[in-house]
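Multiple structures are listed underneath, in structure tokens.
Two complexes, one shared chain (chain A), two partners (chain B, chain C).
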Partner chain A sequence: MNQEFDLETALRRALKREQPSRDFAGRVLARTVVRRRQAATRTWMAIAAMLLVGLVIAGGVRRYEVEREAQAQAQAQKAGQDLVLALRITVAKLHATHRMIRRRSNGV
Partner chain B sequence: MTKREDERFEGLLNAHQSMVYSIALRLLRDPAQAEELSQDVFLQLYGKLSTLESDDHVKFWLRRVTVHRAIDEARRIKLRPKTMLDQIPEPVAINRDADFLMDQKLRKLVAALPEKARAIVLLRFQEDLDPLEISRVLEMPSSSVKSLLHRTLRLLRGKLERTGTKANKLVYKHESGI
Partner chain C sequence: MGFKRRLALWLSVFGIISLAASGLHAAPDPADLKDLDGGVFAAFAAKASNTVEVNLEGTLLKMGAGFISADGDEDAAKIKKLLAGLKSVTVRSFEFKTKGQYNKTDVDAIRKQLKSPEWSSIVNINDKETGETTEVYVLANKDKPGGLLIICAEPTELTFVEILGAVDISDLSAFNLGLPGIDVNSKGKKDGK
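So, the complex of A and B:
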């Protein structure tokens, strides 16, 4: 048996595995439970945050639509008023023209 | 995680806790820190278990992660002794079982090695890995592993031969009442 073999055998004997404390596995499992709960909490918080963001976006879109509808109504109202004004001016012009024609045909 | 994965994790924890703890203990040389690091390694495994298919893969992963984390931790907290190998006091060899003394002496000498050399000795003689497997765990060329292992064994042998002579003298002095 040579010296190297002796040393290697001695090292194998000296460096045998050691056991951790008796409740080691229990403590690791307890930490996995805590970690799982934390992960579940994080998941629910992420879902809640996504819902909140969704609600904010939906609210924004709805408000934009309402404002756009109000703008369109105001534009339509203004167009109607412009049309009435144009018709009044036309009627006034027609009356004036009609009066002028009658005066000329009466030889005035 | 499903119940089946939880059961698998518990089985792996029971099967490999002594391996993970022993590697961490011999690299950190502190039971409390070794237990904390071992717990962290198993928690890391818990989050990664679904990606590790076979138990051999898990064992390889545990060894690799434990060795790297323990080396990093040992360097971080500067556990490396300021004294050189030659300056370590020798254990006194009086009235103790020879194997016990030899084991104690070897553990002290291994504990005083630099982190990389210590990791190689542990993986070779505690975990019984060959140089190729050690090179995969430590992510270094197998030729470097072989040469570092050879140099470390030569250093340990030289140290043992010198201390063995001193220990024999101490026993002789004790027994002869000098």
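So, the complex of A and C:
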């Protein structure tokens, strides 16, 4: 019984209403402002990081496209030169064949 | 007739029809110059003073044709038209400084591999005076030209040309050696038109 009484007294003492210190509201407000600023900074940093990553990716993709286009251009130019060379050889051989046939038919 | 017998009969009929159809489609493609034994060509190249190797087909052929500028030139425009019908262009050419640098048996081996029954010989000249052998074959594709094969063996030069597709030999022969008007150094149209 005595023990229960002691517990009740202790609880009442512990849960007794106390007036906050005078600068409590100010301190809470100040901390809230700081937290808001920190959150805003973090958001902006995240946005900046995302933009930077986006820029890096876009730059990489553009560079890849430019390189691929240049490669395709060079490949097409080489193919064009090869094609002309192949045609020149073919035409030369056909002309030589015609000359040989003509020579034979003329009995030269 | 029992169900099993009828099923077996239908299955055999279906099998025979399938076999016949696949047989019709199984007409062998002409031998491709670039698929031939590379060892012989490598041996020629090792002894040659000048080697030309051209392998153009599909997209690469279209890209190459697209790079040929034909603006305002009749001959170049004709070449572009001719190129539009081609499937592949393969050339192997070897120039030697002196005579006797290659074995005729090696040329015969290549000729044997290339000469499938689809190719019809139209020219076969063996000039004993100059030691020059020229063979021209054409590939017929349902009464239309389907390809051209040239094998030229000269004492100091060996040339193999294989063009597959709708190539007209008279169209090709009509061009000049210089193929004027073709400018592959200028930027051509990428779409191949």
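Convention: the second predicted complex is superposed on the first by the 92 of 108 C-alpha atoms of A that agree within 3 Å, B and C clash if a C-alpha of one lies under 4 Å from a C-alpha of the other, contacts with A are read in each partner's own complex, and residues count from 1 in each chain.
Keep in mind that, in the parts below, a contact is a pair of C-beta atoms (placed from the backbone, for glycine too) under 8 Å apart; a residue touches a chain by one contact, two chains touch by 3 or more.
All figures in this text were calculated on a predicted structure; none of them were measured in a lab.
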Considering only the touch criterion stated at the top, classify A:16 as touching first (chain B), second (chain C), both, or neither.
-> first
Tell me which partner A:44 touches in the superposition: chain B (first), chain C (second), both or neither.
-> neither
Which holds for A:95: it touches chain B only (first), chain C only (second), both, or neither?
-> second
After superposition on the shared chain, which partner residues are touched by A:64: those of chain B (first), chain C (second), both, or neither?
-> neither
Which partner does A:76 contact after superposing on A: first (chain B), second (chain C), both, neither?
-> second
Is A:104 touching the first partner chain B, the second partner chain C, both, or neither of them?
-> second
For A:84, is the partner it touches chain B (first), chain C (second), both, or none of the two (neither)?
-> second
Partner chain in contact with A:31 - chain B first, chain C second, else both or neither = first
Taking the complex as given, what residues does chain C use to touch chain A?
-> 52, 54, 56, 60-61, 63-68, 79, 83, 89-91, 93, 123, 125, 127, 132, 134, 136, 148, 150, 152, 159, 161, 163, 169, 172-173, 175-179, 182, 184-185, 187-188, 190
What part of chain A is in contact with chain C in the complex they form?
-> 72-73, 75-77, 79-98, 100-101, 104
Contacts from chain A onto chain B in the complex sit at residues 3-4, 7-8, 10-21, 24-25, 27-29, 31-32, 35-36
Interfacial residue positions of chain B with respect to chain A in the complex | 1, 6, 9-10, 13-14, 17-19, 21-22, 25-26, 34-35, 38-39, 42-43, 46-47, 99, 102-104, 106-107, 110, 121-122, 124-126, 128, 153, 156-157, 160
